[in-house]
Structure formats: C-alpha cells, structure tokens
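Look for subunit A in each of the two complexes below; its partner is subunit B in the first and subunit C in the second.
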Partner chain A sequence: MQASRARLFKEYKEVQREKAVDPDIQLSCDDSNIFKWTALIKGPSETPFEGGVFQLAFSVPEQYPLQPPQVRFLTKIFHPNVHFKTGEICLDILKNAWSPAWTLQSVCRAIIALMAHPEPDSPLNCDSGNLLRSGDVRGYQSMARMYTKLAAMPKKG
Partner chain B sequence: MEDKVINQNKPPLSEDSNSCPICLGPMIQDSYLDKCFHKFCFNCIVQWTKVVAGKHRTAPSSVKCPLCKRDNYSIIDEFDGSSFRQHYVNQDFGDSFILSRAHKYRLQCYYTEPGIVEDIFNISQYWKSHKYFQPNQWLKSWLRREIQALVQEEDVDIIVHHIYGVINTSLTRSEQKSHTKIPETKREEFKTSVSEAAKSFLTARTDRFTYEVELFLASGLNVEAYDAVYMQRLGWSSPGVTCGTSDSLLSDRPTVVPYLYIFDEDSDGNE
Partner chain C sequence: MQNQEALMEDGEMESAMSIPTLECDDWAKFGDDDIMQQQSAIQAEEAKKVLFVGDKEPLSTLAAEYQSGSSIMIEKIKVLDEHYAAIRRTRGDGNCFFRSFMFSYLEYILQSQDQEEVERIRANIEKCRKTLQSLGYAEFTFEDFFTLFLEQLECVIQGKETSISHDELVLRSRDQSISDYIVMFFRFVTSGEIRRRSEFFEPFILGLTSTTVEQFCKSSVEPMGEESDHVHITALSDALGVSVRVLYLDRSSCESGGVSVNHHDFIPVAGELPNASVLSPTNKPFITLLYRPGHYDIMYPK
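Coming up: the complex of A and B.
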C-alpha cells in the first residue's frame, strides 16, 4: 500500500520539523527502509529511569496507520510492563486501543508515560510487577535504577 | 490531540489546518462523525471503520472516533451548506468506490471558479459555427468519469446512458431545425435538457456539470488532451504530462487554488 508510505513520509517531515521542540524524543528512520524506525527516549524525571537514554525499535506494518506499529525496547529495562528479555511492551494503545490518529512520535510519548506510571496488574516482567504489588516500592525503584545505570547510561571512565 | 498544539514554529502551510488525522495529508472529501463532529477524509474514516468491524464477530453499529474515542453511528459527507449524505456505520458503505487520481482532479475542478479555460475552448463559437455537427467520440468515456467522480460510485452506466442519450438527442434535434434557430436559443435548449436529465442524480452540481459538458464538447479534444489543457491552465501538475507548450498566454497565469485541497503533493504519482 502506498498510503502507509505517504503517511510515514509525512511523519518523517514532521519529525524533522519538531526535533527542537521535543528534546526527550529522538526519532529516526532507517536510511533504506521507511518501515523501520528507531527512537531514543529520555527516562522521565523523578522515576528510577531518570538520566537514562532508552532505545526503541519500531517495525511499521504495511497497513499502518490502520494497524499499530510494533515497538520494543532495545535497551534493557526493569519495568513491570516490559519483557525483560525481548523488550516487548504491554501497552493498550499498541494493541486493541490503537487509533490511527496516533503517530510514532505520540507512541513514544505514551511509552514515556508508561515508564512513569507502571501498571503492575498486567505484568510482562513478573518480578518487577510483584515488587510493586507487594508494596515494595523501594525495592522496585532500586532494581530499576540499577538496570538504568547498567544499561541506559553512558559508561564512565 | 493535544500534542499538535505546541508547534508554533511551523511554516504556515495551508494544508496543516485542514489535514486528515489518519493520513496526515490534505483532507479529501471532508466527512464528519455524527456525534463528535471530528473531521477526516471519507476514505480514511471508512477504511478505519472496516478495520474495527473486522475485529468483531458481528460488525458493530458504531465506531469510536480515532481522536476522542466517542461512539459515533454514522459518517456525514458532502455537506454543502444545505444538504449532506449520511452513511450508517457498517450499513451502507460496504463497497465504497475509491476515487482515482483522475477522478479526484475532476472533482476538484468543481471546486474552482468556472470560466478558467473558457478563452481556450470557446463555447459560443461552438454553437455559432455548428461544430456540434461533428460528434465527439470521447464524450461517453468523459461522461462516465465525470459522473463517477461526482456521485462517487463505480457503476454509473444507467446515468451515463441516460445523459448521453439526452445530449445526442438535443444536438441532433438542433441539427434538424438549425436554419430556424439562432445559436443562443439552441444553446439554451441544450442546457435545459441536459440539466433536466442530470438534476436528479447530481442535484446541486447540475448547473456546473452542464457547463462542463459544454466546455468539453466545445474543446473537441479527447479526454487526455482535454485534461492536459485544463490542468495546465489551473497550474496543477499532472503525472505524465510535460508542460511543453510555453505559450506566454498560459504561463503568466497564477496557479488556481481550489476551495478544497484534494491533491497530495507528497504522494508519489506512479500509482
């Protein structure tokens, strides 16, 4: 379908235009394939992800925007709604609550919001979910912060 | 969505204020959801409705607005100030006809001021010089595309047949009594019978349609040549047509901006 290509091209132009406006998100498109995108997002402040930079990989289907893009974390992250091994994200708008009015940019914003507000009752990472469900917020935060330091921050020295 | 508000440093592109939230392109055939009145391209919102319906075992009678999630029961289009069309969700747009590029260009012509190519195709000369003696063999295919674009249905055989018949009868009738009538009278008679025939199908677009029929007949061209001249005069680019004629008369005109934006300059023209 040409529709998905035309729309992705529009988003590409929009991203170029918007770059300075949203410093928390850096979206870029694969040079040779407009259906493959990556994003660098900043961990939201006042969360255990603060200070980290997380990489996301987008795989956009031909039927986009009628079908949602597939998104996963490439950077390791300790979060109840992200699969620890595969980086798969459990987020309603990427599944049945998808609307074609979402863009790759707004999906990034939704993922940043998810990082700040985990949903421990539908966990992909049970260890992380259980910590929060049992009320051990401090345990969750220190684990998450440790993985942020290990995986999402530039190595010092 | 609220995230669109922050972009104040955008160049003031006219399409931005009127772009479809689904394809992000200029709005083609504006249509509204009946409860929240959010606006989309007709094809975009119909396609989305079909995708949503495909996820349910029985097709739902409502669709959630992609922007506000409100339930809507119908899609409204062709609102022209006095009349509109209403399509109930999953009822009567089962196989909507998707307009081709050529159809879109013709439909868009109806949103421009008339008279743009009148100095090239001289209508009164057509009647005065009895040019209608030579039938235009491309009329039928031109009519088919015109009517498909206007009524947005693929199967328009009956309408085409009817209008085509009326046009031919009207032209030959004038032929028989041509010595008794002045060209203006013949022209008026022709216009009356064509608009009578077209009125019930084309409603508010009838007068303009009658005018466009005259224009096409007066041109004496085939469909491709006619399109090329029309588009060049409008200043719209068309795929496959190189503007080789460097007539100073044609080139020093400003580009015509229609009331509606249908063309998408970003989409590649090789479909």
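Coming up: the complex of A and C.
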C-alpha cells in the first residue's frame, strides 16, 4: 500500500514534468484519491479515430506496480479489442504481460498504438473484429469513424 | 470464496458455449477482470501448499516423492545423497529460480559474512542501474526494487542495528511485499543484461521463442511469474558476477549404464574477456539449485 502510493506519487511528478513531451496524452489524478486516474488521449492520425478525444479511467490496485492498473474506455469506441458496452480493453500488458517497467503514461501510449493496430483475432467486440477478419476494412472504418464522430468529438454549435 | 470460484467456472463455460452464436454481450459479465481474479484465487490456493521459500528438509523427503515412481529418479537421488544433505523447496509460481537465487545468496552472505563479496555485488548492482538508465528505463520504475534488495543485503551483515537473524531472513523471504520486490529486482537486472549484450543473447533467444531480444525481455523476463531458462540464469549470473551451480534431475539416463546427475556451472564472464569463464577457487559457486523440468529448488552440499 505504502509502496504503491510512493510509486504513484513519483509518476504524478513525472507526468507534471513531461506534460509538453506527449501532447496526445493528458493524464490526471483524482484530487482526493491517488489510486484513481483519468486520461484524455487523442485518436491517432490516419485511423478512423483521428480527430476524436477519448477518455480512459484508471483504477490502480494496492499491489501496484507488481499488478497492473485496470483501464477502461469511458468514451464509446468501435474497436475489436475494446468492449462496446463496458469499455474493457484487451491488451496483454494489462494482463499477464504486465511489469513494473510500464507506467500509467506508457500504458496510454500502448493503448494509442492498439487503436492504430487492432488485433481482430482476440476480439472483445466481435462485430468489429468480424468486419476486419472478413476483410471489410471499409465497413470497419466507416463504423469506427461514425462512433468517433458521435461520441469522441465535441459537438458544434 | 469457493462459491465465487464455482460461479466463475460456470461463467466461463457459458461464454465458451456462446461462441458459435456470436452472442458476445454475455461476455461483459465474465470479463478479463474476473479471469484475473480467478487466477489470483488459484494462486492463493497454491500458496497454502508451498511457501515462497520452504523449510530446510532432509533429502529423504525428495526420495519419498518418487517412491512409487521412476527407478531412474530413485537411483539419481541416491547419487545426490552422497554429496548433498538437504533441500529447501520454493513455490512453483514461475518465480522459483529468482526466489531460490535470492534466498541462497542472502543466506550465504548471512552465514559467511563475506564482506568482499558484498562490496563486489554492490559495485555490480551500480553497473546494472547505469545499464537500465542507458537503455532508457525511467529511474522511478526500477529504483524501489533496487533499494529494497540493497536494504536486505545490508540487513544480513551482522553486528549492526539493522542486522537480522536467519529466522528473520526466512520470514522476509516469505513476506510477499519483500520477496516479490526482490524477485522483480532480479528481473530488472536480468532484462538489462540481456538487452545490453543483445548480440550475444540473440541466438539463444531465437532458439527459445523466435522473438526479438526486446520482445523477449518484455514478455518473458520482466513480467512476474514468467519462468526462467538458461538465458535468464546466464544473464543474472553475469550481471551480478555470481556463480550458480544447477543440478539436473530428470529421467534421462546415460548409455554407459551407471547413473549420474548432470550439473552445469554458470560462471560469470570475467571483465572484458568473453571466454575467460574458467572455474577457479574464487568463482566456485556457492549457490546450488536443483532443476527438475519446470522447477528450481535450493540444495545444500554436505
């Protein structure tokens, strides 16, 4: 408990210092609870998520960093490896490939990489995965783009 | 707890059955979090059977395991019995090599009070720290693990306020908040050494997994619970400059008829000479591990 708190505090300081380095990620800690974080990440360019801003919720366990944080999309997203309803993410580093060498910031980078490179063979969103597996890239992209517009872009006017 | 486990098992079955109908929504109830919870429940179950580091046991307990089993194993244990007095088991949680190494090393220092060795390993640990920095690891991701190991190293040296007894060392090795942190320290050290000398390790890694060195470190060295192979042992032994003897106990037999137990000494490469690993009185291993396919335990010579 004490160890995880100390580590998270170091990450907090690092995030403040590195704010300008990674303009695609805005990571912030809950004012009253260092085990709760949220992030705003920009959809990577040349993907159907371009132009969208996606919110992630982090819940950090007491055994952190020996155990991974739990991360979910709060913003709706149409992606093979993200559960359409719960926002749960299927990513190895959040499961058995986790190690303390990762940080909340580098997890965000890994999630952005996952957005650009979906893994349709281990889908949490079968509809999305099936479109890609059947080779319907256009269908996948237009669905994903539609949801980006609906859920991840600020409303005009 | 048991009810919960039964529920999760049912859940898994249901979701497996729903694959053909592509009814994915049901999966929401049985997400990865549940699977991870189940995994930690299984680990907790396993923990009750074997401690992280067990008590010292006479070798007869090893023989007893094979009483109604392979005759080759029984013969080999007789051979071991001539040179080895005792075994100390470690938990089979994928960290057994690192955990055995940790306990053996700290126990050796506690009993020998070998100051020269302590100074030597401290210097090597500083080199490992620099290696990780130069590989681009953020200091804060590994420093806590380094600090904790150095603290334990300090504690086993006697005659100080912080000194601990052998019993206390055993207790700390069983305390997850210390034991797992030290295992992780070794994982960082091992990963750093493999990546620093990636050209040397690459062919061995290709033989094991056909991945890149970096990918191997990320997926098979740094995560807790990933089992160790000769690559890990070589790297850790080299990085810290600590020799390790591994005895191999398996069902293989040699043609000549007589039964023998193979061993391999991992001798750290000396300085800048890559092939200078010759067994000399100064690098004779004081850590002896028993390898049975998939698992390492600690051995005590007579």
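The rule we apply is simple: the second predicted complex is superposed on the first by the 157 of 157 C-alpha atoms of A that agree within 3 Å, B and C clash if a C-alpha of one lies under 4 Å from a C-alpha of the other, contacts with A are read in each partner's own complex, and residues count from 1 in each chain.
In the analysis below, a contact is a pair of C-beta atoms (placed from the backbone, for glycine too) under 8 Å apart; a residue touches a chain by one contact, two chains touch by 3 or more.
A quick note: this is a predicted structure, and the numbers were derived from the prediction, not measured.
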Have a look at where A:100 lands relative to subunit B and subunit C in the superposition and call it first, second, both or neither. both
Touch check for A:83: first (subunit B), second (subunit C), both, or neither? second
A:11 contacts which: subunit B (first), subunit C (second), both, neither? both
Could you tell me if A:65 is touching subunit B, subunit C, both of them or neither one (first, second, both, neither)? both
Once chain A of both complexes is superposed, is A:124 in touch with subunit B (first), subunit C (second), both, or neither? second
Subunit A contact set shared between subunit B and subunit C covers 3, 6-7, 10-11, 14, 65-66, 96, 99-101, 103
Going by the contact rule at the top, pick out the subunit A residues touching subunit B in the complex. 2-3, 5-7, 9-11, 13-14, 17-18, 20-21, 63, 65-67, 96, 99-101, 103, 105-106, 109
Subunit A-touching residues of subunit C, taken from the complex the two chains share: 22, 24-25, 27-28, 31-33, 36, 137-138, 140-142, 144-145, 177, 180-181, 184, 187-188, 191, 218-219, 222-225
Give the list of subunit A residues in touch with subunit C in this complex. 3, 6-7, 10-11, 14, 65-66, 70, 83, 85-86, 88, 90, 92, 94-103, 123-127, 130
Touching residues on subunit B, where the partner in the complex is subunit A: 1, 3, 6-7, 9-10, 21-25, 44, 47-48, 51, 55, 64, 66-67, 69, 264, 266-268, 271
